[in-house]
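Paired with subunit B in one complex and with subunit C in the other, subunit A is shared by the two complexes that follow.
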Partner chain A sequence: MSTPRVLFVDDEQRILDGLRRSLRGKRGEWEMTFVTSGAEALAILAESSHNVVVSDMRMPGMDGAELLTLVSKRHPEVARVVLSGHTEPEAAIKVAVAGHRFLNKPSDPGSVVAVIEQLIGTTSDSHAAQVRRVAGAVRSLPTLPGHAERLSALLQAPDVEMATAIDAASHDVGLIAKLLQLSNSAFLGSRPRVLSVDGVVNALGLPTVQALVAAGHVLWSSVTWGPEDQRHLEIAWRHAVATGHVVGAMASPANRPYAQAAAMLQDVGRFACLARDTGGAAGEAEATGCDGVSYRDVGVELLHLWGLPAPIVTAVAERDRRCEPSPAGLGVTGAVRAAHLLVQGTGSRDPSAGTDPEELAALLAHPQLAGRDTDWPALAAAASDRAERCVRA
Partner chain B sequence: MAQILVVDDDPAIRQLLTDVLEMDGHEVREAVDGVAAVRALEVLRPDCVILDVMMPGLDGYGVLRTIRAEEGDAIPVIMLTAAAEPDTAVRAWSDGVDYFLAKPFGADDVLDMVAGLVGDRSVVSGG
Partner chain C sequence: MELAAGCAGAPYAGIRLVCGGASHSGASHGFDPATPPPVAEQIDRTLRAGALVEAPDVPGLSLYAGVPIRNSRGDDLGVLWIADDRPRPPLAPHVGRLLAVLAEQVALRASHRDMLIERRTALRMTSAVVFHATVEGTVTEISSSWTTLTGRSAETTVGLPLAELVHAHGGETIGAVLAGCTPGTVRRVDCTVTTLDGTAVPAELALSCLDRDGQIGCHVLGVVTDLRERQRREVELRHDQKLESLGRLSAGIAHEINTPIQFVGDNTRFLAEACQEMLDLVLAYRECMDSAQGEIPWEERLARATAAEAEADVDYLAAEVPVAVAQSLQGIERVASLVRAMKSFSFKESNDRTYADLNEALETTLTVARSEIKYVADVVLDLGELPEVLCHLGDLNQVFLNLLVNAADALHEKGERGEIRVTTRTEGAFAVVSVADNGPGIPEELHQTIFEPFFTTKEVGKGTGQGLALARAVVVDKHGGTIELHSAPGKGTEFVLRLPVDGKLVAAG
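Entry: the complex of A and B
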């Protein structure tokens, strides 16, 4: 594998010198380039392939958001890291749209190295490289027609209550993805550990969430889906929401936030592919993948790029894999698989995935679920109805 | 990395768990029985509790119920069992245990479980 290339962009030479000094130890492993403007960065990227670009946000001329948006279009295989000193709502929106990860300025060298190493990946494999290209082109997820407007109106109301905002946010796949991406970056401070949607909304504060929704509204209001795409979007959305409800009742306390996040994001790859900028001519969706890679692979790569915790990524990666749960507990993966299979027996089923009554029976017989006084199919049917109302609302 | 409270009346098991967890960079606190655990939880806020089931006085199930009553769902709990006890295990699931770890266990079993529960936060927390 060739030497990974990392490009750093900041208009302040002082910051670049600091980075160069603190990353001296990596000189033998990475090829590092330091430039002071977005224009120079684009010129370098056009000349040679890079793995990661780390950019300041506030720069004269082309700012970081503009640069990273252009990088996502011209070089989707390059992972995008935002280096910023500001954490106001405006910065949240910019990073959420343009970047994959967020580093505070100043960051200790350990954090910078760890984030870059995670993102360098193994792009020597041609399949993995194609997955990275498709996933890397994604800047934001689509939302259901009418959904963004409603959410936006709800959150902009002057007397909106936290509980209302959290309930609305917890049914929006695209917003959840953005909230988790932000909460798992350094955005919330040096030790982020916020996983549940209400935790993230509380930590970010309503103004940031409102600004995110408003940005999403602007982003998606101009996109018109073909009827087939919209149908796929609604089916996947409804399946995610129903699975999220069921898994909330199945997962153990500490695994619950992970499991609910994984349920909501289980089809993130499909959403991302439907959302791709196809130059206005929206092509009809394929059943299980796009551009030669599966939706699942794209989704897993996206969650990795966003830095979500390993249990969430694993549960999404293994949703369609037969699960033999350990007697020690279902864990996140087992709970998501069990909830998914249960929902497959309801009106919220995902037609592109199968059913497995035998496996489902075995999962429901696990001590974690069997001893509970719950009628699981009835719970799944109720969750499916709620999910339908949420999509049709 | 994470602070873990190990609760077992058997000093050999406590020592084993402490060695394994500390080798992986965790900070370990020990409690010698259920009552000591509840007292420790009045001042500590561990990232995870590893709890033996069979202890004199207040057993593991009692400690689990106390944790869920006092601290809610925020603290992950792993319970150690010697033999399969289906009835009581089922009760623990509805009381909010996260995993059961059967004795004897390997170092990797413990570390994998803990890693999944306390999260791989080293990356963004700066190690």
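Entry: the complex of A and C
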């Protein structure tokens, strides 16, 4: 395997000098290049393949958002990191669309190294480069036709309540993805990571969430889906929402935010591939993957690029694997698997995934669930109906 | 009416107005002019339509005629009528013309009455004090708002000299102000009015010389306006504007601080490592020199020292350490100068004027606004020799900031990197500050309106349109200076401020 290459872009030479000196310890492991403009960065990327690009946001001429957007189109395999001293909401939106990670200035070399090292690694063993290319091209997840309009209208109502906004946001796969991506970046400052949707909405504030929705709206409202694509989008969406409801009831309080996030993002790879297809001629929608890699691998790689916590990434990665949780607790993975299998028995089932009544029975007999006086299939049926209303609304 | 009756030789005459008023004259001989018969009413309406209408066929009357009363706009006000119940010859033709002239007089009287009523109502409604005085300054009449403002009654005030009621600012006497008052112009001076309870109220006195009774400029009409409310609003507006620009700048300032902190931190960590490596090297040298270890062959020492130097990468350190130190110091100086600039930018607001170095103030403001400017423009400073200027520095800083940020926004709009040129020079008793950009320019038709409050071309959230209005208020009203705008589409924009070096000469107004 060749030496990983990292490219740093900042219009301030002294920032680059400082990084070069403080990252000197990495000179044996990475090949580092430092340039002062977006144009130079693009020239370097065109010459040789890189693993990670770390860019400032505000630069004269081509700014960071522009550069990273171009990189996502020309070199989707390059992981995109923003290192910026800007903290205002507009920057949040630009980052959420163009970049994978956000680092605040000032950041200590330790955090810079940690993020770069994580991004140099990939999640897929077999088709790492191809999975990264497919996942890396994604800047924003598609929304259901009409959904963005409804969400914008709802959030822009003059007297919108926080609870309404949170409820609406927690049914939108694309928005949840963006919110979690931001909450796991340094964007929210030094606060502990906020993981539940309402925590993120509260921390970012309604105006930023509104602006995020508006940005998504702009990206997706003009896209017309083929009937087949739209059907896939609706199935995945409904399945995610229903699983989210069920897993909310199953997971332990500590795991709940992770489990709900994992449930909502379980088919993020499919969304990502649909988003990619609309760029060019929409190909025949495949059942389980695109461009020779599976949806699941793409989704997991995407969550990894966004830096979501390991329990979420693992739960999504292992959704279709038989789960034998320890008697001590279901864990995030077990809860998501159990909820997924339950939903497979309802109208919100995902036809591309199988069922396993035997495993489901074993999971429901788990001490964490068996002791509770809940009719799980009935709960799943109710969740499925709610999800259907949400998709059809 | 008698005149109307007389010229027509008719015993009855009257005026009936559309709005309901009626009056009449003439003794009653069976015909009651106060309650004309319904037929007469009908004739009234007919009369109003034409110039002179004779209606001989009214029962009991040999003559019933009239002319319409119209105001200058041609609105129908009513009818001037005459009537006769005796046998009589037809009306002579000149009677119609005479009646028309009389009707015109009636119309004038009516409009005069309306004006008086309007004037009285306006005086009741306004809080400004309106008074009349002789050219010598003796108050002859004063509106009731005087009592509301000062607590003094109008009766005790009439007859007093104006100089006892208001005191002009800036050492000018009321007498001099009155003397400088010429017909057709309005004199305005800032003054103080003292109320009955001793409060000094800041006010504006406006005086105008009027003609009366055929004598030119023989009496004075004056208005005293309480300025407290206006001043309070101005303070509020300035405060709002300051908060607005600070809010906008704060994100940029945070960035300006975060950037040097990032590289100073990186460099310091590198210097710590470098220092450790140097120490390790020194220890290696010391070991070579340590005689306690016995004789070490020279080659061995050389080999050890070279190995230690290679380990420490001495050449790299020798090249990088001085640069890292220099850049760190630059970064620290950048943060320090920014903090200093912010401190002096938000110079504490006081009502007193102080002598200040405007060149320094401009440099301070540029430092604060750097984050707004540096991505769109290069700044060229051409600062000439300036004497210290007596001014409200906090307000002027705000004006400089507004002009700089506007210039930056104009260049941002243009989409390519531009230049902002800041020039200062002295012109006689004035300090001249010019802020020019080579942006898209301002179309001629907007040159006046851009100084109006709430005028803005910026998108919602970027500006409230107070910037230039505030600039004018501060420079012109508060400092007695001027603002000129030179701009044309495609030619860039230049704002030229002229500030009197010794401050506003208040009384010279």
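Before moving on, here are some points about what is shown:
Criterion: the second predicted complex is superposed on the first by the 382 of 393 C-alpha atoms of A that agree within 3 Å, B and C clash if a C-alpha of one lies under 4 Å from a C-alpha of the other, contacts with A are read in each partner's own complex, and residues count from 1 in each chain.
What we mean here is this: a residue touches a chain if its C-beta (ideal position, glycine included) is under 8 Å from a C-beta of that chain, and two chains touch if they have at least 3 such contacts.
Model, not experiment: these values are computed from the prediction.
After superposition on subunit A, the partners subunit B and subunit C are seen to fit next to each other with no clash. Of the two partner chains placed by superposition, only subunit B is touched by A:A310; subunit C is not. Contacts of A:I15 after superposition: subunit C is touched, whereas subunit B is not reached.
Residue contacts after overlaying the shared chain place A:K26 against neither subunit B nor subunit C. Using the contact criterion defined above for the overlaid structures, shared-chain residue A:R150 touches neither subunit B nor subunit C, since it reaches no partner. In the superposed model, A:R386 lies in contact with neither subunit B nor subunit C.
When the shared chain is aligned, subunit B comes close enough to touch A:S111, but subunit C does not. Residue contacts after overlaying the shared chain place A:Q368 against subunit B, while subunit C stays out of touching range. Put simply, more of the residues of subunit A are touched by B, taking subunit B and subunit C as the two choices. Taken over all C-alpha pairs, subunit B and subunit C come no nearer than 14 Å in the superposed arrangement.
Counting contacts by the rule stated earlier, residues 107-108 of subunit A appear in both its interface with subunit B and its interface with subunit C.
Taken together, the subunit C residues at the contact with subunit A in this complex read 251, 254-267, 269-270, 273, 320, 323-324, 327, 330-331, 374-376, 417.
Taken in their complex, subunit A has these residues touching subunit B: 107-108, 110-111, 114-115, 118, 184-186, 190-193, 195, 252-256, 307, 309-311, 327-329, 331-332, 367-372. If you check the complex, the residues on subunit A that touch subunit C are 12, 14-15, 17-19, 21-22, 24-25, 58-60, 83-88, 104-109.
Listed in rising order, the residues of subunit B touching subunit A in the complex are 68, 72-77, 84, 86, 89-91, 93-94, 96-102, 109, 113, 115-117, 119-127.
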